[in-house]
Structure formats: structure tokens, C-alpha cells
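Single-structure report; data block below.
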Amino acid sequence: MPPDPAPPPTPLLTMSRITKTFPGVRALDGVDLEVRPAEVHCLLGQNGAGKSTLIKVLAGAHHPDSGRITWAGETVTLKSPTAAMRLGIATIYQELDLVEGLSVAENVHLGHEPTTAGFLVRRRTARTTTAALLTRLGHPEIDPNRLVGTLSAAQQQIVSMARALSHDVRLIVMDEPSAALDPDEVDNLFRTVASLTADGVAVVYISHRLEEIRRIGDRVTVLKDGRAVAVGLPARSTPTRDIVALMTGRDVAYAFPDRPAPQDRPGTPALHVQGLCRTGEFEPLDLTVHPGEIVGLAGLVGSGRSEILETIYGARKPTAGQVAVDGRQLRAGSVRAAVRAGIGLAPEERKAQALLMLESVTRNVSVSTLSRFSRAGWLDRRAERIAAQQATREISLRPDNPDAHVRTLSGGNQQKAVLARWLLRGCKVLLLDEPTRGVDVGARAELYAVVRRLADEGLAVLLVSSEVPEVLGLADRVLVLREGRLVHTSPARELDEHRVLDLVMEGSPAP
Amino acid sequence: MTPPDLTKAAPAQVAAKETASKGSSRLDVRNLSLLGVLAVLIAVGGITKPEQFLDTGNLQLVLTQASVIGVVTVGMTFVITSGGIDLSVGAIVALASVWATTVATQEYGFAGILFTAVLVGTACGLVNGVLIAYGRLVPFIATLAMLAAARGLALQITEGRTQMVTVNSVLDLGLPDAYVLGIPPLVLVFAAVTVVGRLLLNRTTFGRRTVAVGGNAEAARLAGIDVRRQRLYLYLLSGLCCGIAAFLLIVLSGSGQNTNGNLYELDAIAAAIIGGTLLTGGRGTIVGSVLGVLVFTTITNIFALNNLQSDVQQIAKGAIIVAAVLVQRRTAHDGT
Amino acid sequence: MPKTPDSARSDTAARPGSTRRGLLFGGAAVSATALLAACTSNEPTKKDKTPATDNRPAADSAPGKKVTIGFAGPQADHGWLNAINENARNRAKKYADVTLDITEGSNDTAAQIGQIQTLINKKVDVLVILPTDGKALTQTGLAAMKAGIPVINLDRAFASPQASRCYVGGDNYGMGLNAGRYIGEKLKGKAGAKVVELAGIDSLELTRLRTQGFDDALKNYPNITKVARQAAEFTVESGQAKMAQLLQAQPQFDALWNHDDDQGVGALRAIAQAGRKDFLMVGGAGAKSAMDAIKADNSVLKATVLYPPTMSASAIDLARALGQGKGIGGIAELEIPASLTLYSAVVTRENVDDYLPTGFN
């Protein structure tokens, strides 16, 4: 059903003047949103702009303080997720809410299993309908009998969508569905979205990635500080510059800090990796990072990028090879040895791998340096707090309050807390794994500047990112990985995005 | 460097500051609510049985009865804060108490009994710790195994018989003549363990690492903390506390018995949880745990003084646990 | 499994067993004890203990036909059960014509059924069974009887009288009754006398029976009021804790009835700690430590009411008589009675020497 250009169709959903206040925060401050049938409506905004709150209101998980929701011409109240589901609104959250120990079919029908006599689950029916839904989504290869835990992230997302479609759904909300996907998987996702809209289903699509919005979006609503600063902009024709300006009030062109002129770097490298490998993950690898240098690792998910960083850090035991810091070899497979030698890691999964979410900024920053503030195990808490504050000030962590709880910080500031940890420790080599994941556009620029400045002060930085422009913009030297193998090394200024993508994809089966 | 992006910061920042300022006093809020519960209990006791309840002797009694389980709870609080659990505490107390009261041990007098109790407790904790930290057993399973084994060994040692203490210096420690300025020695030990525990958890690297391991073990490991060694120490500490508690129990009851320490694990876990320690780890409070113990002991005391029978006692105890947790959660909720 | 410590306790609790009326609690107590069996090893019984049985000759000690007696009891994880085993063993040794086939005690119902089955297959002449759970072993008793092997049911009664030839057990109600009578007589003439009761585990039938007997006895003494009752858990620790509270609650009273000598150790400790001497205490079960204290007469403990472990020795006597087709002397009956409920004697300073050999550790 191609969209009819002539009169604007009646909106499927209208949310007007929605407000929602949490203790101390006005999360939504009179937001408007209008979604038409069969359109892809993109919702843009930085972290904390109110996107999550808005979609939770839409999912019936939060109750707005005021405002009106109209669904297919009728005013409704979304009392609960079930009520929203009954109307035909399904939400696919970033953290998929699937039960890993159940099969695909069981997940799809969870809570509304087809039954005989009210309690006997008709498993065959469940399997058939699931298979039909998966085919409709363009993924007939997923076996309804498989355990969801054994599926890839992309496949799990498909299952989530199938679950939404198993209800009579008219609007699907997708919260950053591409965040965990590889490029070819993203293409699949887009095809699925297109087939949904072709069936008349409306999609509310949330993403940080502007280029995705260009590709599949029809209209865009931009949120900032709990308000809708632009409603229903055409997704394809609005200039990027305008959208970024709406989101941040700043121009994206300045995002990357200036790169120092290329220079010879004699002397011992800060980090020297020789023949490091892990069977099944990556092949023997040599690399050096000198003080003051930022080296970027580019590659697809599954190319072994994160594994390499974690092996250098000692969190994984290498099959063979050595890691040396300032010429001194490290004991293999020991995080403590790496930390003691002066390596710091800002891991990919910040919340799961780096942060103590219940604790204050100070305690998150000082956790690797405790012994410095203690005598015979006794902590000097004042010295600790002062030092932590110093470290966080140095990289402009906001708020400037060492007692703030780290969970109240934005993604970018949480990342800064991790960086401050290693800054305080005084490390020589910093390993950054997807440093800007979940960090909004404005804050990214700031993080880039911090990383560059740390390098200028003599730190050796090894950067991994799935966003090619980030690697190209920030690194001095780029190593391109494909399927666990180093395929190319050159200065960043000699590469462009297409070239890197070519290198990355070369030999990969066509999507 | 460009000024930080403050576009969205205004409300969030205010909120963060509010949380932070309350965050530092959160534990106090939690403790306050428990103090409230305790105050209500004291009022109930004072109204129903003014003469017997509001009496120095009764205060001594309540504190003495709280001492044994209280020391165990301090150790348990550390373990729970680190995200673990120790189901073997009661069994370790039993084993340490009977090992320390065998005829052979008693020949070495006061020191022999004290040393054996503490050593056996610590050794059991060491076994737990090694199994969990290096054997990679789930704490629930490892300590459950220790529970069974220690109870069995205690039974084997005693053959079900009560072992009477004949060392007078040990026995005398439980009698009124040994009170220091009106404070029973058991209570002094309990107080000392509490103070040391509180300082250890809040003011030392050991405590900080415990919280870090409980809050996010993977993050702690990647931050360079030796998580396994920390776990080992934590179960060792819990075992040590059980050993001390076993000695207190020997002094209190004048005997060692394989049935000692019955269901201590549940009492200690309950006290720690209503005290405000997170069962999932990452947050713990010694003062809260001790208040939790005192709440339970006071309840028991009031019930006994009012001659309520065990059926009523159990029903009321269950209701009070739920009420205390609800009150506490409401208070905690207002605090954030 | 976290219930295990509990089971250790209820096991102790179940120790004095149930009378025929005591079937109700059996299931709960034994399901708990069954748990314990998985966790504890079977420890050997202590060999150096003095025989607890008296040396009076049995009804007919003249050697007769050879008799093999199978004996199956619970795990001896408590002094009283230890004493049961030893009494049986020592009694059997006295008879040249008796062979005792004693199983390794178990608290697991299934294991005990298996052990008894083995004894049946071995074709022993008589079976003595102290069930972990009387109800659960009823079918096994029936099977033995059908196989022609007379069964003597010790202490914890089967659900059906058909499952045994003869029942021998203690009397919990009688314990309370005799404790009450003893206290009543001691406080006779004292106006406004107060007594306090330290009971055992409240969820057990036997505890209720002991309390019931005690209350019934006190009805005969209008000058006495029971002012407080708290339930301990048959353990030293709980005895100390509950007694300490009782002493605080009751600044003055005249007598204390404590259901169990083991928890009495803790109770005595609490009494010493409180420095109280103003009342008399009556214990229960008949532990040696209690009898020693009664004999020494240096504490408030003046008497204890028996729940005699010698019942297993009597069971051996009866089993031997059954096996040889004899009656027992001293009564007019030709046949052995179908039921024998033992008397809960009160042991005081005057008669303690008679009973001291039966006291258990």
C-alpha cells in the first residue's frame, strides 16, 4: 500500500502536550507526536531528551501526568502494557525482553499461547503460526524450535518483531534496533521495516544514526529537553545540518579535534604486541602504539576487534604471543599484570563491564587506585575524593560533583568516569572499545577532544569502533581487520570511508 | 576545549545533585527507619510489660542474646555485600562449638577452647572460600555442602551428646561477676566486632573492594581487582565470625552441642536484608544489620515477656519482617 | 536442604517418641529427619559406655531355644537413641541363646524399609522396630507379620495394631502428669504458688501431651497457678535463651517444669547466670547429667521424670520370650501383652541411685 500523496491521511496516533515528571526531573514537558498509518516515523534526540520516557508512555509502562492520547480518532488512556498491546501498539526495546531458555515459538506466543480447552498448549499451531510470521518478516531460516538464547542479536530482534506481529499490531515502536547489528544485518532490518509498512503497520523508529533515518524514515520528530522541537519534518529532505542543530544547537562538522602533524615516533613503543593470537578469534597480530599516538582498529562485528583489546588487557588468555608495555613483557592472561604495567581499558559494555552503578563518581573513579589512598588498608577518603574530583574536572565530567551517583549520569559522562579512572591511575596505554556507544552526538565531540588531549599529553591510545568515520576522524593510524586478520595498515589521512569499507568487506559474502 | 554540552544537562544535573546529596545520607535514612521500628517495639514492650521490659537486666539480656547471632550477621553482611551467600554459618558455629568443647580440647583450658573455636570457624570459611573463589562453585552450593558436612562432622564428634564445659574460666565469663561496668563480656565482643566490621566495610580498601565485587564483579575484575582473592577473604571472614560466635555460644550455654546454631543462616540473612544490605550485592551496612538483629531479638524478648506462645510468635515475626521491609523501602524510595 | 539444621533438631525432638496417640506428628518429624540422613554419616556408637540397663535377671533367664532378633532403629544421633541401641545390645549379650542382628540406624524411611526387608529375608525369629516414622513403616510391619515374624513395635507406634504383635513405649502424657503431681505435692499448702513451664518444640504432639498432662495434674492443686510457658527446641542453646527470657519475665515463681533434660542444661545455665535459686525445677527424660545434679543437690534441679531408654532392653526380653514361645513371669497371663506403656517415674534425690545406671549422656 503505497502512501497516498494527495490529502494527508488521518493520523493513527496523536499524542498532544504530554508531560511526565519524575522526582527532580521533568522528563516530558508537553511533547507532541503524530504518527500516520503505514509510515516510518523517526524519533530523534540526545540521551535524556525524553525519547525513552515517551515510548514508555506509549507502551503503557509510564502514565503521563497530563496530555491527551488519541488512537484512531478516539481518546484513550494506556493504563498498562497489556492495554497498549490490546490497542495494537507493540514496543521492541533495546534490551530485548525475550526468555532465552524458551524456543522461538514459545517466545512469540508468550502470554497468549494457542490452547485447547484453555490450558493445553497447541504446540504445532504455535510453530506453524510462528514460521508464517518469520517468513513474513523475511526470515524463514529461523527455526521456531530453536532456543532463543542460541540466536544472534539480529535474529532475536526478528523474534521480538514476530512476537509483536503475533498480536494484531498497528504500530510498532523500535528503540535503537540497529545498535547491536552489523551493516548487512541492518539492511535486513530495513527490508523488514519496509514490509511492515507495506502491510499498513506504522513504525516509530528511534536511532542515533542519521543516515539510517535518511534511508527508511518518512517523517522525523526531534526531541530536546523533554519538548518536541520539530514535529513531522520530512525525513529525507531535511538537511543533516538542520537536524543536528535542532538536536544539539551545534554543527557536527567540528566533531573531531585537529590531528597533530604526522611525525616519526622513535624510541620504545608504549604498547608492543607481538604475535598475539587466540585460536578461533584472531590470527597472530603485531602492533605498536607510541606515546601520543592514537591507533584505530576498524572492522565489522566479529572481526575480532574487542577480543584483541581484551586479550591485550589480559582479560582473555592468548593462545600465543606477547604484550609489552614500555618494553617490559607482561604475564599473559592477567588483568592485574596489565593494570600494574599501566594499561587501562574502557570496555564496550560500560554498564556491565566497567561501572559500579550503585556507587558515586568518586568510588567509580578510584576503584583501580585504592591502594594509593590507603595506609595499611585504611582509606583516606578525603584524599580519594579530592583526587577523583581532580581527575574528573580534567576531562570536564558533568555534573562537577564527585558524590553524584554514576547511574544518574548521561552515557557520555559515564564514559568520562571510566576514562577518569585510568587518568587517575596514571596509565600509559588506554584501550578504548566502542567509546561512544550510547553517547549522544553532542557529547561525542567532547569525548573525542578528551581522547585527543590525553594522547597529546603522552598517552598511547588503541581505539576500536564499529563506526568507520570515528576511527578515521580520531586515529592517527588505522589498522583494518577482517575476520580476525589484519588486512591493512596506514595513516588515517590516507584513507576514506569507502576505502575502509571496501577493505572490511572484501571477500565477505555479498549481503 | 569546547564547553561541555549542557543542552540537556540542566534538569538532569539538578536531579543528580539532589540524589547525590541524599545519596551520602541514604544509609542513615535506612537505619533511621529501622531505628523507628525499634522505637515502636520498645514502646510496645514498655507499655505491655513496663517493669520487666524497661529494666537494666532486660537490656543486658537482650544484648547478650543478640551477641551470638549478631557476630555471625556481621560476617554474613560482608558476604552478601559481595554478592555471595553463606548458608553454612549455623553449621560452622555448631562444628566449632563442639570441636572446642571436646574433652581433649578442654584440657588446654580457656585458650584451647577459644583458639579451637576460632580456628575451626576460620578453617571452614577457608574451605568455603577456596571452593567458591578457585573451585568456581556457586556460593549457594558450596556453602550448602559445607552446611551438610559441618553438621555431619559435629554430630560425629558429639554422637548427639551434649558436651559440658568444665573449664571454670570459660563458664565464669558468662556469669554476672564478669560484667564490665554492667556490660556482659559477650556484649563487649559483639560491640567490638560491630565497630571493626563497620570500619572495615566503610573505611578500608578491603571494604571498598567488597562493595565493588558485589556491585559488578566483572567491572571489578577489569578494574584490576583480584576478585577471586577478595572472595576467598570474604568467606574466610565469615568463618572467623562464626568461630567467634561459637566461642560466645560456648560461654553463654556452658556447653557445646551439634544442634547449636540452628537456622542461624536464615536469621543472619534476614537481619542483614531488613538492615538494608542488598541481597544482590553492591550495598551493605553493618549498622543496619546490627539493628536488624536487635529488632529480632527485641521482638523475641517482648513476646517471651508477654508469654505469647510460639505459634503466635512465628506469625507475628513474619508480619513484622514484611512490615519492616515495607517501611524501609518506602523510606528509601522517598530518599531517592 | 537448608532445612537440615531444623531436622537435626526435630530429630532430637522426636527422640522420646510418640505414644499410640502420637502418630500425628510422625510424618513431619520424620520427613525432616529423612533429610538429615543424606547429610550425615552413620557414626559408630561409642563402645566404652557402661551398660545402662540394670542387671536384674529377665523373667526367664534359663537358656532355651536359640532366637535371632532383628533390630532396626533410627540413626543414633542423640543421647537417648544411643542409649536405646546400647540397652538393646547389652541386654541381648546377657542371653546365651539370643543373637542380635542390629541394622545400622537410618533416618531415611526408605532405607529403613530396605533394612527391615533384609531382616525378613534373613528369616530372623523376631523383629524389634523403632520406626523413623511409625506411619510410613506400617506396611513393612504388616509384611513381616504376614511372613510369620512377630514384630515388637518400639516407641513410635505403627498406624495399625495388625502391624505388630506387641507395642512398647513411653508415656508423654504421664511425664507431664507426674511432673505436675510432684510439684503439686512440693508446693502443697503454699498459697498463691506460681509455676513456669519450659516446653519442647511446640509443633510436636509429644510436647502437647506433656503440657496437657502437666496442666491436668495442676488442676488438683488450686493453690498453684501456671503463670508462664515458653517453648524451646530441645537444644541447649534454645533452653538457655528461652529460660533467660522466662526468668526476666517472672521475677518470682516457685517451680519450673522443663520438658527435656538436654535443653535443661541451657536452662540451668540461664538460671545460674541470673543468679536465681528461689524455685525448684523438675526435668524430663532422664539424662545422666540431670541425675548427677539431682544427686549432688547443689542446684535448683530436684527431680526429673523418666522417659526410659531401657524400653529397648525390655523389648529384647519380650522378643526372646516370643521367639521361645514363652510368656513373661509375674503376671497371670499366658501370653505376652499386646501393649506395654512404661511408667514415667519421678527420679529424686531419694531414689536417684536406683536410676543412675539408666541415665544417658
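Points to keep in mind about this one:
Labels for the chains are A, B and C, by order of writing; each one numbers its residues from 1.
Following the convention adopted for this analysis, a residue touches a chain if its C-beta (ideal position, glycine included) is under 8 Å from a C-beta of that chain, and two chains touch if they have at least 3 such contacts.
On a predicted model such as this, the values are computed, not experimentally measured, just so you know.
Here the chain at the heart of the shown protein, by mean C-alpha position, is B. Summarising the inter-chain layout, the chain whose CA centre lies farthest from the centre of subunit B is A. Once the centre of each chain is set as its mean CA position, subunit B and subunit C turn out to be 36 Å apart. Subunit A and subunit C have Cα centroids lying 70 Å from one another.
Rounded to whole angstrom, the centroid-to-centroid distance between subunit A and subunit B, based on C-alpha atoms, equals 42 Å. Of all residues in subunit A, only 22-26, 46-49, 224-226, 248-250, 254, 313, 315, 335-336, 338-340, 345, 347, 352-360, 363, 366-368, 370-371, 374, 377-379, 381, 396, 398-399, 401, 403-405, 408-410, 412, 421, 442-443, 445-446, 449-450, 453 touch subunit B in the complex they form. Residues 1-2, 4-21, 23-24, 203-206, 208-209, 211-212, 215-216, 218-226, 278, 282-283, 336 of subunit B are the ones that touch subunit A when the two sit in their complex. Those residues of subunit B lying in contact with subunit C across their complex are 49, 51-52, 55, 57-58, 61, 64-65, 87, 90-91, 94, 144, 147-149, 151-152, 155-156, 159-162, 164, 174-176, 249, 252-255, 257-266, 300-301, 304-307, 309-311. Those residues of subunit C whose C-beta lies close enough to touch subunit B in the complex are 1-2, 4-6, 8-9, 12, 36, 38-41, 43, 45-46, 76-79, 81-82, 202-203, 227-231, 233-242, 244-246, 248-249, 251, 262, 265-266, 269, 272-275, 287, 289, 361.
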